[in-house]
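What follows is chain A paired twice: with chain B in the first complex and chain C in the second.
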Partner chain A sequence: MIGQRSAWLLIAPLLLVLLLSFVVPLVLLLPTSFQEYQPGQGMVAGSFTWENYLRIATDGYYREVVLRTLGLGLGVTVLCLLTGYPVAYLIVRGHPRWRLPLTLLVIFPLMLNLVVRSFGWIVLLTNRGVVNNLLLDLGLIERPLKLMFNMTGLLIGLTHIYLPFMVLMLVAALQNVPRDVEAAAATLGSSRTHVFWSVTLPLTAPGIIGGSILVFVLTISALVTPRMLGGPTYQVMATLIYDEYMQLLDWPSGSALSFALAASTLVIIWISSRMTRRWAGMA
Partner chain B sequence: MSDMKPTLPISIVALLVVAFLQVPVLVVVLTSFSETSYLTIPPQGWTLKWFAEVLSDPVYLRAIWNSVILAVSSTLLSLVLGVAAAYALFRKAIPGSEAITALLMAPLIVPSVVIGVAMLQYVTLVGLRGSFLVLIVAHVVITVPYILRSALASLSGLDVSVEEAARVLGADGFTAFRLVTLPLIKPGLVAGALFAFVTSMENVPVTIFLASARQTTLPILIFSSVEMGVNPGVAAISTLLIIATVIVLLLAERWAGFHKFV
Partner chain C sequence: MSNLSLRNIVKRYGKTEVVRNASFQIAEGEFVSLLGPSGCGKTTILRMVAGLLEPTEGQIMIGEREVTRLPPNKRNIGLVFQSYALFPHMTVFENVAFGLRRKGESGKPLEERVNAALEMVRLGGYGARFPRQLSGGQQQRVSMARAIAPRPSILLFDEPLSNLDAKLRDEMQIELKRLQQELRITTLFVTHDQAEALSLSDRVGVMHGGVIQQLDRPEEIYHRPANAFVASFIGKPNRLQGRIEAGTVALGAGLALRPERLDLPEGSAAEVFLRQEAIRVLRAPEPGALAGTVALRAFSGPQVQLVVRLAHGAEIVVEVPSAEDTASLAPGEAVYLAIRPRDIIVLPQGAAS
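Presenting the complex of A and B:
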């Protein structure tokens, strides 16, 4: 056993690093988001305004970006769920021999550099890219489809990026489904499909919810893939924050948007953890 | 009947989805060996010239060096700080250990781009902008949750009495930890360290706000160069990264049974 004194000594270095380079920077960002910004001059010292936050809700452009970000999150979550469930099912219920290779093939893209995966999608989706060339050669289309710098590109790219997380969550959930419950339902005369919809699927609900929250939160905070596949014109919240800091130098507006984004993710995670806790209490 | 095995259509859909996951990787590799700067199917002509180009470009070499140094030093630092903290938390010797764990895991929840801009403003304020040490510390912040999580998970599966037996037999606290506990949690730590390394190696949203031109990392270089369109040099460097990832994954699987920790 270790005493309290040595325990504090063990934990103090990390705690100090986190406080000084994570907590304090975030706290210091808060006043910035209430400052006025004068184009060409920068922040107005000593000013206080709600304008940076109000703009997110009232300005047409900001509202479009926020709604697009949330819509993207929803779309990617649904796509990951629909494509991830069969994969998880095959991994858990398929032949045991397939289990390890399939799991490794799902993890492999996850371990690959994010910029490399996004770059791969650029090669595929750009105007003269692999997909368009193939469709043109086959005579299926007459001129290149617009697959990048729009919602299509972001949906495809981000679904690919976050699908492994969804599969891993669903695999864990499916493994926890007691097989004898399914067997009981089947013995009592349920058809296969009925057993799946009324027993298996509800029992994997925690994994479905957990995976969906994870994918949604990761999608709305993503910067790299939306920027690489959406370019500087098709903005989401994270890319807009990036531009406000690096191009426009409008830090007050960028920091307000940062807090809006961070708050949305925290609220979603908080609600979901309350929901699952209540759920667990009921069972 | 009804052992609920996947039906043939479900298996086919699942295999197609797994194939979809590999497509961008294959395309990148093919592009890097292809003569034309735009990949055609089938590729026309094979070449290694993009690799030669990239590996003789000092900008790329410097970026690779920066990335490796940054990832190695932040992973090691995270490992030391994280394992020490996890050990203290695991022994529950500290009041409020749950709140502390939540704080230490928080960098996983706050969007990276927000951490990035917060740190940008902070280092500008304290006049440390452009310091490589700042980059290392920033990467510790974003990688330490992975170490902590795997260390806590490994420790919780541990039989405390084993270490206590060592203490009874006369080992001091650190020796007991080093000779008994550490070897037992090693596989989990390898997995955690691998995640930390990969996270540092691919980070853009924090690094891009903090790195000066000389400190550019490989992902930042790729991220900013694609704004000029598809470049086979980027494909070549990406292929090298893919090969490195495969080797590391295979080693980790060999060494620690990596897939059990995901």
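Presenting the complex of A and C:
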């Protein structure tokens, strides 16, 4: 076991970086989020208001963006989980010969620049893009499908980008499932499907929850892809925060949104870690 | 309950034969062990019986049913793993209930049968705990309860005691014997521990290089090993070279042993196996005893080990209870080794390793 002193030493570099680059700016930002904003003049010095926070809940537009962001996070997480689990299962349980190529295939998108990848999706998904042209030429559709500047485009693009994180987490979780435990279930009369549902899946719960938290948090805070595939009008919280700061110079509003985003992230992580404990029956 | 029979079972990985043509039968209610060093193919045989591996050739029958290609869940077996393999996300009760639920048991009867199985391994009242809250020995007992609860027709053990410490292992061994006698379930037990195999089993199969060298009652295995491998693997044998001359085994320098039975032709080379524990150490000569001198003495509590150099130069290790007068023999002193004719195991030289 590592002693308390060494434990602190080991964690010190990370703590220091987090303190300087995350906690301090956050604390500095907190007063800003409670200040009044006058269009054309900027922040009103010495003012205090709840308005910036209240607006997120009451203003229809803000509320829509918040719900859309959370919905997007949920959707991307579910899509990553559903498409990622079979891949992870194949990597861990398939023929060893396939392990390396499959892992590389999963990691490969991470080697490309985010902007390039998003541009790739634009080429594919736009009204006169590859997908629509193909479907039109095949006569399967009469009018181009709307694949961009809406939920569909964001779901496709973000799922593609965050899938590797999910797969890698699930691979680690699956590798931790002892084969003997699955074999034991089989000898006790469990079919392969039943072994999966009653043993493999619950034992990979920590990986499922871990991967889901990661993908969810990355998705709701993603900026570049939503901006490129959602355009200037289809906003999520991250793009809205960016616009509040950079376009409207409404810092108080942007800060309030940032805190709301951070708070909802923390709440979700807390809920899901409690869920893991209950579901997997272990700490 | 039913008997188990393997017919000409072969398992190959590529060109390597892990199991070569294994055929044997376990009668209803019989306890048979497969004993051998690691890599001898014993676990492979067990896993093929369980359905976790498919044999390359041959047939496996449980009772009248051929199960060679059936998946494990269609075989009605119970398997106890070396690693316990309990379901960590389920309570002890749910672990034991798992197999019963698969058989459609539920409600009151299920509860009664789970509790009965837990009672049998003396873990009544532990149902609500999780495996991680139990000691290694308790976990292995849960795993036994889990295997026997659905009343399998065959019970399989894959080195179930080797993860336990020595003291616990002895306790569990007695527990296992008791359990098997109560249930009389046909059992195949795989181990590398000869004491375990010999004391638990009705019959022991000694394996080496994918081949069952000898399958017989423990007494036969111990006193009448079929070949040099079995003779050298079981017990703590000394190995001496000799030649058959006039109904004795001549070791050289005038030393000779007269075994009870001798089936080898006159003049052929032979190997003699003498168990440490079968040799009596004497201070005075006796007819038939081998003369030598003590070369080394090592005290280990209840026993003293002596390395005795015989007249022709070969060395023999013998064990003397430390309470005996001969235990005080010091290096350099003359000793005489007496061996009963029936304890002299003679095998042809150079036969199966």
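Please note the rule applied: the second predicted complex is superposed on the first by the 246 of 283 C-alpha atoms of A that agree within 3 Å, B and C clash if a C-alpha of one lies under 4 Å from a C-alpha of the other, contacts with A are read in each partner's own complex, and residues count from 1 in each chain.
In this section, a contact is a pair of C-beta atoms (placed from the backbone, for glycine too) under 8 Å apart; a residue touches a chain by one contact, two chains touch by 3 or more.
These numbers were taken from a predicted model, which means no experiment stands behind them.
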item: Contacts of A:I107 with chain B and chain C, given as first, second, both or neither; value: first
item: Which of chain B and chain C A:L203 touches, first, second, both or neither; value: second
item: Touched partner set for A:W8, first chain B, second chain C, both or neither; value: first
item: Which superposed partner A:F22 touches (first chain B, second chain C, both, neither); value: first
item: Touched partner set for A:A184, first chain B, second chain C, both or neither; value: second
item: First, second, both or neither for A:P31, with chain B first and chain C second; value: neither
item: First (chain B), second (chain C), both or neither touched by A:R192; value: both
item: Chain A residues touched - chain C or chain B, whichever exceeds; value: B
item: Common ground on chain A, meaning residues reached by chain C in one complex and by chain B in the other; value: 183, 186, 192
item: Residue numbers on chain A that touch chain B, as the complex places them; value: 1-4, 6-8, 10-11, 13-15, 17-18, 21-26, 28-29, 32, 83-84, 86-87, 89-90, 93-94, 100, 102-117, 119-124, 126, 128-130, 133-134, 160, 163-164, 168, 179, 182-183, 186, 192, 195-196, 200, 217, 220-221, 223-224, 227-228, 231-232, 238, 241-242, 245-246, 251, 254-255, 258-259, 261-262, 265-266, 269
item: Of all residues in chain C, those that touch chain A in their complex; value: 50-52, 71-73, 75-79, 81, 83, 85-90, 98-99, 102-103, 130, 132, 143, 146-147, 150, 156
item: Chain C-touching residues of chain A, taken from the complex the two chains share; value: 178, 180-181, 183-192, 194, 198-199, 202-203, 205, 280-282
item: Chain A-facing residues of chain B, complex; value: 1-2, 4-6, 10-11, 13-15, 17-18, 20-25, 27-28, 31, 38-41, 81-82, 84-85, 87-89, 91, 93-94, 100, 103-104, 106-107, 109-115, 117-122, 125, 134, 137-138, 140-141, 144, 164, 173, 194, 198, 201-202, 204-205, 208-209, 218-219, 222-223, 226-227, 229-230, 234-235, 238, 241-242, 245-246, 248-249, 253, 259, 262
